[in-house]
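There are two complexes below, and they share subunit A, which is joined by subunit B in the first and by subunit C in the second.
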Partner chain A sequence: MLNKFDIQIRDEQDYAVIDTEGYLNDALGEALSAKAHGLIQEGRTKLVINLEKTALINSIGISILIEIIEALDEREGTLNFCGLSATQERTFRMMAIAKYAGIFPDEQAAIENL
Partner chain B sequence: MSLKAKHEVLLTIPMYPDMELAAAKIASVLAELMDFNEGQIEEIQLALIETCINAFEHSQSEDQQVFIEFIMKDDELELKVTDQGVGFESDEPGASTAKRPGLLDPVMHKRGWGLEIVRTLMDEVDIESGSNGTTVSVIKRKQTA
Partner chain C sequence: MQLSTAEETIQRLIFSLSELEQLGQTLISGHSNFNVSSKTYLRIALGTLQSTRGAILRFHPADNYLTVAASAPERRADEKSLIIAVEPEDVAQLLQHPFIQIGSPPTGLEGFFARHAELCAGIDARLWVPLKIHDELLGILSLGRFLGRTELEAWEQELLTILAHQLSIAIAYSQMMEGIQGEKFRLFMLAESAPQICQLLQPEDAAQQVVHQAVSLLDANAGGLLLKHSQQPEIEWKYTFPETLASEFPTKIQLDGEGVGEECHTEKTLADVAKEGKTAHTDTHEDARLGANNIMAVPILGRDADVLGVLVVGDKEERGGRITAFTDEDAILLDSFAKQAGVAIENAQLHQEALEARHLQAEMEEARKIQENLIPETLPDIPGYDVAGHYEPRGPVGGDYFDCLELPAANRWGLAIADVSGKGMQAALLMATLRAGLLSEVAKTDEGANPDRDIAKRLCDMALTLNSLLYASGTEEKFATFFYTYLNPETDMLTVLNAGHNPPLIVRKDGTTQWIGEEIGGLPLGMFPNDMVPLIADYAAEQVQLNSGDVVIYYTDGVTETINIADEDYEERLEPDAVEASQAPNAQAADIMKHVYDAVIAFQGEADQFDDLTLLVLKKK
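Moving on, here comes the complex of A and B:
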């Protein structure tokens, strides 16, 4: 398997941080979606997704991120991203993700703006 | 590295999951060899990934293969991605099936962004499509300091 990926969750009192590692395609995206929806079902409505260890994100992966944004929006939640490369940020902004989710240079800023 | 002549690398990949990543890794090695900067290498990789995924998802190719030419010139890297599928009639591969509006905003489509991403990241994009298949050619030029 070319794409080895990993997802770690740090569940804090008021929010959770999800760290992804590997190529964000349909496989990692679906695994990430399952984890995020699990957190949302448990009542977590403030999430940070840290993409620092995710070097490449394809459009299918981004479409799954949009579904997570939608799920949080239904519960008036907030999703912030951090750790994006310049290319990833440019792609996110082109796809209007920045309109519905925050994009921050580091995790601390992403947490502070939840 | 400055290239005195044009060099080509040819790659054929099967339409298996993650094979686009194999192509992207080769693109990364070649772009690094040509002294593209880190940001441009990522842009080339992402554009190639999206082009391959488009072929995987929409070509309906019987041989289930994608043929990739990496053409290295002095100041640019050209990628030609060819499938032997059914082709398409619109300006955009998969345009008829892929645009899926999001719940939040009809402008924020979930799918169908592939070619738009490619156009954003690369300097030139050309598409030739017919009943014998499709070739998407993209060019990235080196940034001058």
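Moving on, here comes the complex of A and C:
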């Protein structure tokens, strides 16, 4: 079963914003992980992931997000999320993602707090 | 300065001990994810043993395969999706050997390494160290060439054993943490979903959320919700994820009849769940439409344990994107969720029904107001005549209408009675349209010095105009029966036109009776377009002479179809009651009308009535 997804990167000078679209499961998660690790390899240590167009996340998606957080943590980088639904925000807080990454209501705030 | 072998060994031991400490730190640092920390573990292992290449393979015991968790140097981008199948007997063999030389594998593992020779070459594997705790295989530490030597010294082997043990603990810890995290996620989603979906009052929103939550909760790749039809033995798709999936299925699945699901195993499974109310998880065989590999379906139950529908998820995935079977624990989880979903869906349905009832009630009240405004409060005085009318709403708003109109020509009058089909706002609006059309048409009937000229033809033309008007403003199910009387009090001549209405009754002064307009019954207004009217039943008018003391009783079918508790209708009683009322000494039109009305009410007794009642009485003084 193929769920359509899309990832867009806006690579600014000091930071990068990753926009996801679709179900954040293994397929989208791995693609997101590859993009994020690519940016980290290139020296980007400040990332924003905008999940505004991702309404659905499963446990694999969550574990991949944790991997990205840990990979950035090793480089002493910062990851902020924005565009989360109320349920997603509660999920992130409950899964301790919010402990290691920032959660902001909009992209501007997420960028400003990198 | 050249270091002696002993000094070099001591330095490497010190380095190794510090790296082992770092490995321990990594293990307890809170980085629970093995996919991240395995790279650190591998770097430490390779550095300690001075190996140039290596990989950590992770074993997945549920499905017996190995995947690459980390490799150095990092290889292909799709390395993570590599799957190395391991037969159970190979697992047993791997557990027996602390070190396995790939070039000369121990007896029993030759076949395994022969099958995976290409893969081993790809990761430059020379030495495999099985990672295990007790008799449970957790993974493999694969090592390549060692710098400056072909074999490890004894102390290096001991170091490698310690390192492997540490790695095994790390994998076990990660597995435990991942398991806890997964369960934490599911429990949270389960707890979170109930209040969230129960707040959704629109059935469509509830259906979407239920499917989304179920897909997310079960790590599925697809899902859908079917609900039972209230009248028909069928279930209907309300939402699917992905949404495009809906196009791959027929909208509805029949629950009975021959051949249900014969062509589609998935549909048969879903129909069985709806019929039997039992959970099913199954392979989808050849009809891979909802989930390419497998589906799991549970019944959605209402408060009374009646099956409301079926919730289905398909293709459970695991890390790496591999599709795996739903387990019994998954079935319990989905069943728990379905219980909450049942409450949410039933709530949304009840809310929707309440809203519709409230909306219908408001519409009925609005329609009633419109209709009542169309009924004249008082009737005009017609010289030489006495006229009375009564309209009584009974049950849902119908579309009865009557009027007595003073025409533009001097001393000419029009009496109309109509019954619009249907009920509610549509009927009220159609009646308003009919009345507006009628008023517009009668305003044109002034023929100056000879107002009665061609009156029969003019009435037929009027009927066609009204027919066209109603046909254009309604649907085929919306039409009106209509009876119109053109009255000339100077000659006491009635010219009548009937468009499918109940024929009025004339009671002559001597008590004899005559039904009028029976032979000229044209089509109800608005049922067919004008060009079809002549082909079926064209409009025609007839003339009836009235004399002093004659009474004309107009009525709608709410009168004749009034039923009593024995389920008999009033129709046969109308004529004798009308005669009795008309023959009463000095009976006025209002008296006659009341007499008939009282007779109808007495006849109905306690029986419920569902159609409006309208009476219009014209008496020649």
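Following the convention adopted for this analysis, the second predicted complex is superposed on the first by the 112 of 114 C-alpha atoms of A that agree within 3 Å, B and C clash if a C-alpha of one lies under 4 Å from a C-alpha of the other, contacts with A are read in each partner's own complex, and residues count from 1 in each chain.
One rule holds in what follows: a contact is a pair of C-beta atoms (placed from the backbone, for glycine too) under 8 Å apart; a residue touches a chain by one contact, two chains touch by 3 or more.
Just so we're clear, the structure is a prediction, and the values are computed from it rather than from any experiment.
Engineer: Please indicate which partner A:Leu56 is in contact with in the superposed arrangement: first for subunit B, second for subunit C, both, or neither.
Structural biologist: In the superposition, A:Leu56 touches subunit B and subunit C alike.
Engineer: Based on the superposed arrangement, let me know which partner A:Asn113 touches: subunit B (first), subunit C (second), both, or neither?
Structural biologist: neither
Engineer: Look at A:Met94 in the shared chain and tell me whether it touches subunit B only, subunit C only, both, or neither; answer first, second, both or neither.
Structural biologist: Touch partners of A:Met94: subunit B and subunit C.
Engineer: Going by the contact rule set out at the top, does A:Lys4 touch subunit B (first), subunit C (second), both, or neither?
Structural biologist: Touch partner of A:Lys4: subunit C, not subunit B.
Engineer: Have a look at where A:Ala27 lands relative to subunit B and subunit C in the superposition and call it first, second, both or neither.
Structural biologist: It touches subunit B and subunit C both.
Engineer: So subunit A touches subunit B in one structure and subunit C in the other; where do those two contact lists coincide?
Structural biologist: Common interface on subunit A, subunit B vs subunit C: 1, 3, 23, 25-27, 55-60, 62-63, 66-67, 70, 73, 87, 90-91, 94-95.
Engineer: Which residues, counting only subunit A, touch subunit B once they are in their complex?
Structural biologist: 1-3, 23, 25-27, 55-60, 62-63, 66-67, 69-70, 73, 85-87, 90-91, 94-97, 99-100
Engineer: Tell me, which parts of subunit C touch subunit A in their complex?
Structural biologist: Spelled out, the residues of subunit C in touch with subunit A are 31-33, 35-37, 77, 80, 178, 181-182, 184-186, 188-189, 192, 196, 212, 215-217, 219-222, 241-242, 291-292, 314-315, 317-321.
Engineer: Note which residues of subunit B are touching subunit A in the complex, please.
Structural biologist: 17-22, 24, 39, 42-43, 45-46, 49-50, 53, 100, 102-105, 107-111, 113-114, 116-117, 120-121
Engineer: For the complex, give me every residue of subunit A touching subunit C.
Structural biologist: 1, 3-4, 23, 25-27, 30, 34, 55-60, 62-63, 66-67, 70-71, 73-74, 87, 90-91, 94-95
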